[in-house]
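Sharing a structure here in structure tokens format.
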Amino acid sequence: MNNKTSVKVAIVGASGYSGEELVRLLLSHSHAELTAVTSRQYAGQTLAQVFLRFAHLPHAKALRFSEPNAELLAKQAQVIFLALPHGVAAEFAVPLLKLGCQVIDLSADFRVRSGAVYKEFYAHDHPAPGLLTTAVYGLPEVYRAQIKNALLIASPGCYPTSILLPTLPLLRAGLIKSTGIIADSLSGVSGAGRKVEQDYMFVECNESVRPYGIPKHRHLSEIEQELSLAAQTPVTIQFTPHLVPINRGILTTLYLAPEKHFSDAEGMNALNEKISACYQSAYGNEPFVRLLDGNALPDTKNVLGTNVVEIAWRLDARTGRLIVLSAEDNIVKGASGQAVQSFNIMCGFPETAGLV
Amino acid sequence: MNNKTSVKVAIVGASGYSGEELVRLLLSHSHAELTAVTSRQYAGQTLAQVFLRFAHLPHAKALRFSEPNAELLAKQAQVIFLALPHGVAAEFAVPLLKLGCQVIDLSADFRVRSGAVYKEFYAHDHPAPGLLTTAVYGLPEVYRAQIKNALLIASPGCYPTSILLPTLPLLRAGLIKSTGIIADSLSGVSGAGRKVEQDYMFVECNESVRPYGIPKHRHLSEIEQELSLAAQTPVTIQFTPHLVPINRGILTTLYLAPEKHFSDAEGMNALNEKISACYQSAYGNEPFVRLLDGNALPDTKNVLGTNVVEIAWRLDARTGRLIVLSAEDNIVKGASGQAVQSFNIMCGFPETAGLV
Amino acid sequence: MNNKTSVKVAIVGASGYSGEELVRLLLSHSHAELTAVTSRQYAGQTLAQVFLRFAHLPHAKALRFSEPNAELLAKQAQVIFLALPHGVAAEFAVPLLKLGCQVIDLSADFRVRSGAVYKEFYAHDHPAPGLLTTAVYGLPEVYRAQIKNALLIASPGCYPTSILLPTLPLLRAGLIKSTGIIADSLSGVSGAGRKVEQDYMFVECNESVRPYGIPKHRHLSEIEQELSLAAQTPVTIQFTPHLVPINRGILTTLYLAPEKHFSDAEGMNALNEKISACYQSAYGNEPFVRLLDGNALPDTKNVLGTNVVEIAWRLDARTGRLIVLSAEDNIVKGASGQAVQSFNIMCGFPETAGLV
Amino acid sequence: MNNKTSVKVAIVGASGYSGEELVRLLLSHSHAELTAVTSRQYAGQTLAQVFLRFAHLPHAKALRFSEPNAELLAKQAQVIFLALPHGVAAEFAVPLLKLGCQVIDLSADFRVRSGAVYKEFYAHDHPAPGLLTTAVYGLPEVYRAQIKNALLIASPGCYPTSILLPTLPLLRAGLIKSTGIIADSLSGVSGAGRKVEQDYMFVECNESVRPYGIPKHRHLSEIEQELSLAAQTPVTIQFTPHLVPINRGILTTLYLAPEKHFSDAEGMNALNEKISACYQSAYGNEPFVRLLDGNALPDTKNVLGTNVVEIAWRLDARTGRLIVLSAEDNIVKGASGQAVQSFNIMCGFPETAGLV
């Protein structure tokens, strides 16, 4: 597909936060032509009417939301982004794939490879279990080769991205134990989606910091699946999400146990160098992973609006633990930006196209 | 001192956030007469001029900031609150105690009982090591009896309060292991004090969530001292503070290991009941500890402006861990409110006077 | 009613922001006994269950929300606070008054004296027009004498309070023209009430500043009514409300034309002194009006959680205009605090009881 | 300069908010090559070290801050952006112009054409009065032709841009009176620059809304100069800036008097059409002015991070006034974006290059 200069794309469910961000990214993507956006709520209105922030762009004045219809979409676009609630995405993926489209799904519907695990976490049978094994988990830093040839991409969740990117290289290299992993995450309010519920009202979130959804968050299923693959043994982790009063961003603090105990400064330096080498090897050439050095620590404001994930780590001589920290924009690297990154790989475009 | 209706009090260093909150609490305290407030920066100005929010109160119009002077203060007040930076407080405590005052120190100067530990964490010799053993750690829920007769109270820090109150009863009861404790805390920006530094500017904090000061925060010294006393064995913990964009509040998430492994629902229920009984026994009658039940989880907005600490917990059957969460207002229960609570106990007033 | 130490009170519609603040104020009011709170949504649950922030108070654990029922309420309380949506309040006020209760209504239902004006702004006939003339507009600084003997108090809205208090004395004294008045107001999000609508979601309000409801806001009816009474001539004003990302607070900027043109420094000084004397005379002894002097300007953070309204003014020699600025907490002085202030006056209690 | 594909540019004073935004815009500008950034504070450090958000860009890793030196800068770049405090910019502009550079100054130093007006508002003689008449006021929608050939551009302030763009067409068309204009503006905290002062600390700004700098703000000098030119008569306006707790954005509400009184619906409709036609004629083809229609009103969140200014208006039949509202990102259209827009015009590049 390399010699195409642009590919026709559509967004199903374009009215949520991820959908809106996909619109923003794809409208200015030099290799994508946005030909359809769907929304039951806004069908008939133009992008410019629904999203005032795009209202001055000619294309946004022309493109109207339509009712989602797989047959029509298949005629309008080659690659379809699904920005739908969990459970609804699969309904569209199945016919779209049959009609010859490539699908990039931002929901959780195809992230888990096992129908049994899906049922455990989502409380119902998977609607299209046959696709679970063909879907590619769209984490480019890990599955770039598979994404290149994928027909169905299950783009990772925001929490999983913030946890997996810092952890996978260490597990693969055997530098940390696969047991006892704790991930403590802070998420901006857009992470809840454009849900009109009292919990997400301004007055309920502003001046508020609070945990939620513990101890068994649905994202655990995909996180543990990928950690287990890296560790080559089943991994169970502790995960605590918190809601913090920012629009966008996830900050994750990981508590990890080095495989090798360090008992003195020399041992600590040696381990530090191994971790550094491990991360350099994994991400030194990645365009969207920023390894912080010196005294710098991740900060959500430094990744706001970008597809970058920041990673830093500290060894603690007092406790023997390794603390790894990451920051990302939950709507970009945690959702729509990562989906566009996969799109670029899938279509043979420069991986950073439309993302810098 | 029971039959006194009111006690003369002074605040040294009344211009910071803790000092300002002490002013607020003591101005409306029916058993305290605020006779002096000191501030080098504002000496000569009235409370009403410096703190516009009190400007309509007659007493705030009359009371002027003065230069701090121990001899003068000892004539003006019986109980002196020190809301000074670490290291400076001790300089005032020593002469004030000699002059017969009772001192409630909000700094870290007297919280650690060992001069060696103090030096390890604060990087200089303690200026008055003789007082370290006479000072009482002002956590009323733990040291009420000692506070009653104290001459020098070392009021706990905001992070320590949010960590110790949920953890101490479990350690004392032997319900959790003393090893492997992790405290992950989120603090509002007032926790940094009224420091005019770039890190705490609005634009640097708003839309930002970030860790800082890891892995060895100074507050660890007092936290580990108190945990060790409860566990009757040396305790070393992992502590990660984060800065979140709220004015006030600390939310702490504690990762704990139950002493007794639970392998099934029955075991989990039994343990749950033991933990519940332990907390009920420790705090069931405490006016400022709110044990949450049902589905409720701590939220900083629910303790804003109050002297209450909220506590909830969850057992995680998947990992075998106990997660305990707490929320407090870092300037009230984490600083000035707790100091007033100690004042009430020390003077024989109702413990909730001026705090509800 | 002077010799009663306490009065039984009830709150109808206690689950909104004003209702919740009334709960807070009345639970700690030494002359009020809260005997009933109603809420269709929460009937059967205790105050402690619905409002976690009160959960540690014994009374909050005991008092349950009930379905609103006038006959029952009339047996439970002497003074009834109505914190209901506009239009609904009147339905309760009528039977409660017949049953001998005194009613303090926080809605707009009885603020306008003319049924015709009500219909113009609220688009339907008034449900109880006979009560419009007996209701007292509950602005204590203006109608204290009438409040003392009132059976039905129409407590003013948040915008009106922030506009009327700074303007009325100047109009009464003939210091400003009654024409050309502009009020530009900024309101925190709680001003919209606890409405679960997309406009008030965190992500829609945070990092957003926007006007709304222009040019004909409903509050204009009561504002212009009171301004006209003070000016003794019909007054029409320009009013522009804006939504700003704070929980609480209203900041109003008033653009006024001095009746007497000032052409030089001397004239300006003379006018300044007249304005100062006018405000001193009106508010010098008011416990809840803070006249700022020197360089100080109103700031919502300085009135947060208090019943105080701050007022400052500036004459502009370049334009000949008088700029007056006010700040208040929209839920306290702009709603529930003011209602309690009226309650105190009505019952003969100290006017500041429960409010400092 | 049309046939050049890229121009070498430098930023003097690149460490403030406007400077940082210039860095962001110019690093990704396909026709600009950023060859030098200066900062006394950060000289010697790379862009990547100082601004972590750019740390993954190869160019940011290579480019180091230098001490500002006109002779060196003139060798490094053709177009120099000055993002310096008022008063300091002129010191660099003079030698740079002599050395043959083109200068785009973001400070107020060359915005006022009269040395006397400059002195009145800035309280000292202008350091280079000879340049005041050659400088071009860099508002592209008004001075596009002059910008094309300018050597020195005085890029407008953030408040002036938000006030002038909505007002100038109406004044030029004689649709509004030149007297009695009121501009009430709300600014995000970045408008104060990266000043480390107590007023701009997080805790002082969060949950705070307040006016400041009234009644005679320095920006009035350039605002009134441009309004007077449009009205062809001296114009004096009322301007009240307020600080609101957002990072970025200015919302301006303008109170204007239509030249022609409208007394009925028909007159109002006719005037509405004239205003609409006036704005369409002025801005219908402007890439960075968004005229809102229907019920839409400006909102700072809809222009965040963009070079767009939003404009809407309402006629008020009750008062006879015209209310015009505008929203912009104070750091983009109000500063650095507008400067890049002028750069594009000056160099013959597409006007939207690097800005969409």
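Note that the chains are named A, B, C and D in the order they appear, and that numbering of residues resets to 1 at the start of each chain.
Definition applied: a residue touches a chain if its C-beta (ideal position, glycine included) is under 8 Å from a C-beta of that chain, and two chains touch if they have at least 3 such contacts.
These numbers were taken from a predicted model, which means no experiment stands behind them.
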For this session: Mind listing the chains that sit against subunit A and also against subunit C?
Result: B, D
For this session: Select, from A-D and C-D, the pair of chains that is joined by more C-beta pairs in contact.
Result: C-D
Exercise. How far is the middle of subunit A from the middle of subunit D, if each middle is the mean of its Cα atoms, in Å?
Worked result: 37
Exercise. Roughly how far is subunit C from subunit D, going centre to centre by Cα mean, in whole Å?
Worked result: 39
Problem set entry | For subunit D, residues that touch 2 or more chains besides their own | 204, 206-207, 245-247, 299, 301, 304
For this session: Name, in rising order, each residue of subunit A that touches subunit B in their complex.
Result: 182, 184, 186, 188, 204, 206-212, 214-216, 236-238, 240, 242, 244-249, 251, 253, 255, 297-301, 304, 314-316, 318-319, 321, 323, 325, 327
Seminar exercise, completed: Contacts from subunit B onto subunit C in the complex sit at residues 28, 49, 52-53, 55-57, 207, 287-290, 292, 294, 296, 299, 301-306, 308, 310, 356
For this session: State the interface residues of subunit B toward subunit D in the complex, per the touch definition above.
Result: 17, 189-190, 194, 196-198, 200-207, 245-247
